[in-house]
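One structure is given below, represented as structure tokens, and several questions about it will come after.
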Amino acid sequence: MAPRYAPSLRSRLVPLLLLLQLGFIAIYAFWTEIQSNVNPHGSNFSKIYPEFQDVHVTVILGFGFLSTFLVRYGFSASAFNLLVAVIATQWAIILNGIESFRGKIRLDLKSLVEAQMCTASVLISIGAVLGKTNPVHLILISLLEVSGFIFNKWVLQTVLNVQLLNSIMMLHIFGAFFGLMLAWILYRKGSEQGFEKEKYDHRSGSFSMLGTLFLWVFWPSFNSVLVDSGNPWRKFGAVCSTYLALAVSAVTAAALSVLSSPKGKLNLIHMQQCILAGGVAVGISMSVVHQPGDAMVIGFTAAIVSTVGHRYLKTQMLLAFQCHDTCAVLSTHGLPGLVGWLANLLLQIKDCDDHTTAIPIRFAVFHISTLLITMTNCLSMAIITGLLLKWDFWRTPKSKKCFDDQAFWEFPHLAVKK
Amino acid sequence: MAPRYAPSLRSRLVPLLLLLQLGFIAIYAFWTEIQSNVNPHGSNFSKIYPEFQDVHVTVILGFGFLSTFLVRYGFSASAFNLLVAVIATQWAIILNGIESFRGKIRLDLKSLVEAQMCTASVLISIGAVLGKTNPVHLILISLLEVSGFIFNKWVLQTVLNVQLLNSIMMLHIFGAFFGLMLAWILYRKGSEQGFEKEKYDHRSGSFSMLGTLFLWVFWPSFNSVLVDSGNPWRKFGAVCSTYLALAVSAVTAAALSVLSSPKGKLNLIHMQQCILAGGVAVGISMSVVHQPGDAMVIGFTAAIVSTVGHRYLKTQMLLAFQCHDTCAVLSTHGLPGLVGWLANLLLQIKDCDDHTTAIPIRFAVFHISTLLITMTNCLSMAIITGLLLKWDFWRTPKSKKCFDDQAFWEFPHLAVKK
Amino acid sequence: MAPRYAPSLRSRLVPLLLLLQLGFIAIYAFWTEIQSNVNPHGSNFSKIYPEFQDVHVTVILGFGFLSTFLVRYGFSASAFNLLVAVIATQWAIILNGIESFRGKIRLDLKSLVEAQMCTASVLISIGAVLGKTNPVHLILISLLEVSGFIFNKWVLQTVLNVQLLNSIMMLHIFGAFFGLMLAWILYRKGSEQGFEKEKYDHRSGSFSMLGTLFLWVFWPSFNSVLVDSGNPWRKFGAVCSTYLALAVSAVTAAALSVLSSPKGKLNLIHMQQCILAGGVAVGISMSVVHQPGDAMVIGFTAAIVSTVGHRYLKTQMLLAFQCHDTCAVLSTHGLPGLVGWLANLLLQIKDCDDHTTAIPIRFAVFHISTLLITMTNCLSMAIITGLLLKWDFWRTPKSKKCFDDQAFWEFPHLAVKK
């Protein structure tokens, strides 16, 4: 079976990768240039570089290892994450550059960071379809989703005048619901019984823990990197708020996980995904969180919603809506994202000096529009992507081969010598 | 057996975690604020942020994975480390803030770093009781030990006028002897025969190696972050000294490990713990180490003491003193810490221009007082903590369940599908 | 067998390590000092420190885990890498300091970084003989190769006036061909049949992936750290070019790996080694790569050469030349290094305004001389080293004990309790 299935990957994946990469090289060669008129006193580089590296670590090492919890899918999880990340980043730089296009797209560390954050939305989405897709699918998702995300960012900025930071931070909501819609469209019969290889053991659980801790440790950089550095205490505030929200999430997720367990035990998946909920929620409400107390309450609420979602919602989604969400991105990024969105609205109303009812209503209309536009763009793009992926041309892996590295990887040494 | 034991964790752990976290949120909401009057030229953030992140990596990834060497205890080791770290850090920020309290506790990156270093003393202590305690115990330890450590810091600073850097660096000695005293009080009958699951294999050994290397790589940041940045060459010196001491330790530990082995082989635990001895010792004597040669001699001595301690002392401690020290914190942090303390004294005497005998005696009295006060505070706090933990109310895990993730973690996928 | 073999390691390794370390301590104590006249406005430390740490991570965590792919050799791979790195770095600081010696060798972060990059050439070489040597061999290699590499750097700088950046970046070519020559001299009969333990599994493959991703993420720092910081856009350019070249390599390596596989599957080793080819090639041509397009074309070519080399050349080298190259350093560093060298020449000719034939010929002569001098130094030093290592005095491990941690490591817990 394996030999008959495998060659198809070659006839689809190789031309796609090579054409895509050659196309990117052509575009970069003719229409980009490395920024050269930087601030002459030369302190810029050391200011932004460490934060750029932290985001880089988050995207490649954090997301890459977070999804290695599947016992037979470790190679695919980390390597496909890298592949998707580099393709999505190259594509995002081009799309982001078109907006401010004047003859050449200018490359600098800021445009790389922005592109990597757009990429993060794709890395969230592919968590929902992890193990049930092949690399060709993942590359198509990354191209279409980045396009949709950047289109949405552009709409928010143009129509509603949303700030860059706020429009990019919608990545958690965009990524989660994009992934869910995909998982629903790509539903496979028999998912309710569970897949044979969809489980974790001590080894894969520990690798996944490593990815989680990378994300947890570098999340303050992820949230603060786009905060305006002209005002240094805003950056201090962003880092401290994110740190406190993550700390509260870790404690709360542990408590809720034990509380909701029939045997009073911790669940590894909760300790990996829900401890990040505070970072997600504070990220989305970053521009209005000014006090530690606010950040901690947001972290607390987000962790409760996330842990409860993990315990009860994942199965419901599968049974009631036929949506098999491998990494539970709904509870990890979707719901905490909505908590952050709500916190953003409430804090803005609270901070407002004017106590007439007109202002809260204006804020509410504004935020609800933001959310609705994002959801519309996200779901319509996901439907297009999902329908494209259902096309049999891409040779979807059979259910028996799901969650298994052997569908995509050579194991020469094992085969020959064992 | 497991079902009967497990529910108890719920009735103890959940209220403790939730009450603690809600209490912290209330304190932070009413009595803290994020520092806003930072230096206006805005270069502060990029100066301290990379070092803050390095300490963050040390505490979460370094200590978290260092203790994953136990073959069936990987989830607990890394997740409980995170839990203890975030609770201890939140508590340490509050206690540190009380000293300089003027209406509000001010939060900034420096207070976060300081709190994380106080936390490190707890992470060292729990190494001594790793695998023989439950999370409730660990949280109680973290609260009481941080209180004791910050009280000790305050006493040293007020009574003896010890500098902040020197008083915080006592964390290795404080943490190690606190942990030893706990291990002695919590001694279990039958420890001499060894526990069934107290061993490592290729997988857990490699994860532990990862933690060690994180600590080893980021130790220069850990030692230099609190060195006064007004004098830049002091920071350069701190980094270079720590690097050289660590390099010497690595070579020396390898040599001594082979020398003391009956079969002339390396021991993995020595290569993980003793290569850090130089960093510990130079950290404590940081304020008087000015030349590379001094740092290297300290690293050499510390590594010898540490490796010899690991090879011969660990068993002696168990058999003679009934003290079962899981991670051998005595040899990893305690003895190298004492070497550093002695080096501090000797170098200060050597550097002194005045060659009368009065000065050396004054220095000796000062340093011996520092050590005695620290030991007194450390041991008395450890006795209080130990007696509290012996209370059966906290439901200590049975010896059969020691060093086993299954006592605290759900394994749903494994159970259902294997 | 094991007990009879093992003691020999003690009688050789311990004196070597201790004498070497005591010698280093003596040299450092008498002839080095920590730089103290740094720039008074104090911004230097925060400028260079994050990049220093990134290089540190690359050398210890990146190279350390990259070579853990052998299923029974994980402890040795990561620990011996550390041992070799610290000995080579201490030795390189001394040798680099002799050039500019005025009474004392001055230590600062820049000299540490430079020494660590010289060390990288050794870490590449030992990849070729990984698993077939003992630690004594590795230490001798590190001493002799660093000497040869720094001699070569000095010759290039003095005779041909090559810049520091360019002469250090020859490390990939120097390291790869040094390693190959060693592997050829130390050839063992029976290597064609393959060694029993020369294979990888899910665990060791994932650890190796971790090392690869560390290298991949921190490679931009490795390439840019020595770029003159007086001109900040040069640094921006170095980081962006390296990032793009690495991104292109990742995509291209995946495509070529599938294309050249009989079953159309990915190969883990290709995804680990060939995705780094772009970083190697751009590093060597760093001083003339100014546009993103150039960097991407270099990354594309290097990845093709590297993947094709991995698929076809490794076996040929073994069968035709009796050269057993464990980590395939020829295809990972050697060939991409040559691609970078060629790109350096071609771009320099392209950039030149003068279109007479005299200039290209001068450039070609210059670059070919650089390469020939490097190869001569590299191969002659490798032959000396190889002949020294063949001496039976060092007790080479028997072929049955190759690629096995048990030859060098105690496994007390496993032995006693299983």
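Going in written order, the chains are labelled A, B and C, and every chain counts its residues from 1.
Everything below uses one rule, namely that a residue touches a chain if its C-beta (ideal position, glycine included) is under 8 Å from a C-beta of that chain, and two chains touch if they have at least 3 such contacts.
A quick map from chain label to UniProt name: A, B, C = Putative ammonium transporter Rh type C-like isoform 2.
Fair warning: this is a prediction, and the values are worked out from it, not measured in the lab.
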item: Shortest walk length in steps over touching chains, chain A through to chain C; value: 1
item: Interface residue identity across copies chain A, chain B - same or different by half; value: different
item: Copies chain B and chain C - rotation angle from C-alpha fit, nearest 5 degrees; value: 120
item: Inter-chain centre distance, chain A versus chain B - centres from mean C-alpha coordinates, in Å; value: 34
item: Touching two or more other chains - residues of chain C; value: 43, 46, 50, 203, 210
item: Residue numbers on chain A that touch chain C, as the complex places them; value: 2-3, 6-11, 13-14, 17-18, 20-22, 24-25, 28-30, 32-39, 42-46, 49-50, 52-53, 56-57, 60-61, 64-65, 68, 72, 74-75, 78-79, 82-83, 86-87, 89-90, 107-109, 112, 135, 203, 207, 210, 405, 408-410, 412-414, 416-418
item: Interfacial residue positions of chain C with respect to chain A in the complex; value: 43, 46-47, 50-51, 54, 194, 196, 198-203, 205-206, 209-210, 213-214, 216-218, 220-221, 229-233, 235-237, 239-241, 243-244, 246-248, 250-252, 254-255, 258-259, 261, 263-268, 271, 275, 290-294, 296-297, 300
